[in-house]
Amino acid sequence: MTDIFAFAIGRQRSSASGQVLDCYFPAPLMHPAAGLAELIAKQFDHASNAVSAQTVAGFADQLPPGKLREAMALFAETDKPLVSVRLDADEPIASTAEAYLKLHLLSHRLTLPNTLNLDNIFAHLPNVAWTSRGPIAIDELADAITAANLSGEHLEVTSVDKFPRMTNYVVPSGVRIADASRIRLGAYLGDGSTVMHEGFVNFNAGALGPNMIEGRISQGVIIGANTDLGGSSSTMGTLSGGGEIVISLGENCLIGANAGTGIPLGDRCTIAAGLYITAGTPVSILDENGDEVKQAKARELAGGSDMLFIHNVAAGRIECRSNRRAIQLNDQLHAHN
Amino acid sequence: MTDIFAFAIGRQRSSASGQVLDCYFPAPLMHPAAGLAELIAKQFDHASNAVSAQTVAGFADQLPPGKLREAMALFAETDKPLVSVRLDADEPIASTAEAYLKLHLLSHRLTLPNTLNLDNIFAHLPNVAWTSRGPIAIDELADAITAANLSGEHLEVTSVDKFPRMTNYVVPSGVRIADASRIRLGAYLGDGSTVMHEGFVNFNAGALGPNMIEGRISQGVIIGANTDLGGSSSTMGTLSGGGEIVISLGENCLIGANAGTGIPLGDRCTIAAGLYITAGTPVSILDENGDEVKQAKARELAGGSDMLFIHNVAAGRIECRSNRRAIQLNDQLHAHN
Amino acid sequence: MTDIFAFAIGRQRSSASGQVLDCYFPAPLMHPAAGLAELIAKQFDHASNAVSAQTVAGFADQLPPGKLREAMALFAETDKPLVSVRLDADEPIASTAEAYLKLHLLSHRLTLPNTLNLDNIFAHLPNVAWTSRGPIAIDELADAITAANLSGEHLEVTSVDKFPRMTNYVVPSGVRIADASRIRLGAYLGDGSTVMHEGFVNFNAGALGPNMIEGRISQGVIIGANTDLGGSSSTMGTLSGGGEIVISLGENCLIGANAGTGIPLGDRCTIAAGLYITAGTPVSILDENGDEVKQAKARELAGGSDMLFIHNVAAGRIECRSNRRAIQLNDQLHAHN
């Protein structure tokens, strides 16, 4: 029996000198069913390989009607370089095409953040100038800018990064993204996610939906249904100093504007606007009468539910209270995503 | 006597399947004078309607010289779909074209935020992919991305939102906008407003000018002349959890960097950098000698003037002092908008 | 002996009415060596002047092989308006071309922030609409938007500002810039600088590299090697209310997420996430046993090294401790810029 972890055929763009810059996979697959897996295994080799439009045409003819067949039929008629990526298991990333496939799997919602082996992803993603003409290799950029200037055209360089913007590759259903420059390919945005202008979602991070996201979802962080991030709120990431705790937020949480968390939270938790909780923050735990039951470091509360964190300035303490305030979201906001 | 609340003729863009995506109104009117109102009433029906270039040509011929006539003369020669919107009163929004007209009225500074009936605006604004080729319907986007990829062109998807960027429709006089992705159509930016990269202005929100805006102006919020918002500062909006208090700031206020307010403020108020005042924040009110006169929740101070809010860490209190520090803005910054 | 402070030949773009909008200098020079300086002085006048492609061709022929000759050879064949700027000394800015030359000198890393005479720069930089077709004069923008709409093309207005985005002019080696709209021309980004989506670097400001920048580097601010700015962190600028202290950060510092500083710091300093230190913040200085040695205003600590600032809520004080925690950056992040 043929077992395939993931598969896709895509367009691969390269620099003048032959460096692979990016790949676009319109219809990636994970764990294809047995019949399809055999079809793939017969015609495409393991790992990433150049593939001809002719081969894709033959493959398309054997596919059942659907999204994959439609995409492959279009690819069968292009003269642009194509690539197939067949991964038999979820191993460390070994090529740029494999890195792009895994990023597509996440943004197509085929798998959740923190479920893929992303080892070596930084090494296999080239740093690229993303421009109004598509990706340009860094060492070819200065000449391209000069040529555009002298020809009277305009070349807009929108970013210089290893990761492109998600929306140029895939826009999952039921989302709003107010500023696409803030969502990297590899972000997971569930149905009903609204990312406002101040929101940010890194690769391998995301929101299960529905969510109102006006803060930053760092690499590795996941937030649950109906959890909202206020403007400029922060979730510490493992890449940028948050240590080894992977942050996640459960359902119905609210991180206030300009607030932040360095610990994971369960369901129905609130952090008041402007308050930053780090793992080492001393916290006073109050009972339902408001009496202090215990003092603890915030990391001891990691993953707990029904917690409301506020800074009680007069009492000189950060308090963790039982959170009885239901988060009342504006219905209109969530209804019309 | 004919009374017309608002009127405009614009270009309407639609998806392949006929869904209206956006409207562009170069010269919208509010409360046109009697003669013009009669002219409009004779030729255009109430609400939004398709209109031919020929009709627009006839209308243009009857107009006095000016901005409206010039715009209509250009529209008279196009082969693109045109729409007229005539609103006899300020009623709930009933079409996409009406929603766009009201957003234009605000950004053209014909009326202030919170003066228009915007009921049903979310329902009548479709969620659209805003791209380097203009708006594309969400359900036509995936095919457009694939087609662009296979043809070797680049399609940049800059946002997926109900509201487009203001600057693609109108740039009012005397403003600077460092990052246009942060200003929604429907924002009101007064003469002399500078919005830096971290600034943000939602629809139905704005700054009367002159202002230096490096923070976020939420839906419904207005700030007065010479009031400045520091970097990442926050004004709570009614849509996103701020409750029912509509926030406004008077003149000569300063919200410090990374600070925020959940209450409206009058004139000459300052909130120190990093301090977030919510409606429920306990505040100690000091007299001119620095002695505590009273304790109050911040909401009791809503709308007051000459207040300086700081967090006195040693005293264990958020203090509200009489604000005697004039905000000294860098003259050069304001002089060269 | 001929002494030349700076020199460049570039393309100059102007509005329909003749206003200079921007200049692009692919290979600017500072303090050219004696032979080259003489060559320049013989053929080009002081200050900024229109120059013909023919003159540039003659100049190019006399140059030694290299980047400058290559660029000039391309410029020699254009029909676009060219400008030469020869500055014999570092005097106040006297034209738009001179302003652009100085901004290029900074972004090309030919000189550090705060080393150039930038007097009058605001007066000589016109406020311009930066669009998908390049710069457009503000008073020609409305017509351009209407014309694009009626012709069925899309005109994207990305900003309305005196300063353009750096990456459309120069991308220095070894940097990553996740969102190019956040870096103004005139920013200095050292080798190994990564500016994430929330990072920002103004003109005449920068990072010596390597750095991870997720916060805001205000005008005049410089940060040293291995200093990292957390998400939404703030450095007060002299233009925006920070007073007369010029902020700089030394090496191996960390400003936590949502934190900020209004004082310069030396090496190995940390400000905890969410804490804003202004010049007037009262601080308790602790010895290695955690005992308070002294109380001071933060400004008295300006420029010091090995300081860790935290808000000790229970003790009711902002503490400055000796910073013994080495900042452990994720190696992968810095290794693959």
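As written, the chains take the letters A, B and C, and residue 1 is the first residue of each chain.
As a working rule, contacts are C-beta pairs under 8 Å (C-beta built on N, C-alpha and C of every residue); 3 or more make two chains touch, one makes a residue touch a chain.
Since this is a predicted model, take the numbers as computed values, not measurements.
Under the contact definition stated at the top, the chains bordering both chain B and chain C are A.
At the interface between chain A and chain C, under half of the residue numbers involved are used by both copies, so each side presents largely different positions. Fitting chain A to chain B on Cα positions gives a rotation angle of 120°, stated in steps of 5. Rounded to whole angstrom units, the spacing between the C-alpha centres of chain A and chain C is 30. Within chain B, the positions touching two or more other chains are listed as 132, 158, 181, 232, 258, 274-275, 316. Residue ranges on chain C touching chain A, taken from their complex, read 11, 24, 26, 71, 74-75, 77-78, 80, 131-134, 158, 165, 167-171, 173, 175-181, 197-198, 212, 214, 228, 230-232, 254, 256-258, 272-275, 313-316, 327, 329-330, 332-333, 335-337. Taken in their complex, chain B has these residues touching chain A: 122-123, 127, 129, 132, 138, 141-142, 145-147, 149-150, 152, 154-163, 181-182, 184, 200, 216, 232, 234, 236, 238-241, 258-260, 262, 274-276, 278, 282, 311, 316-318.
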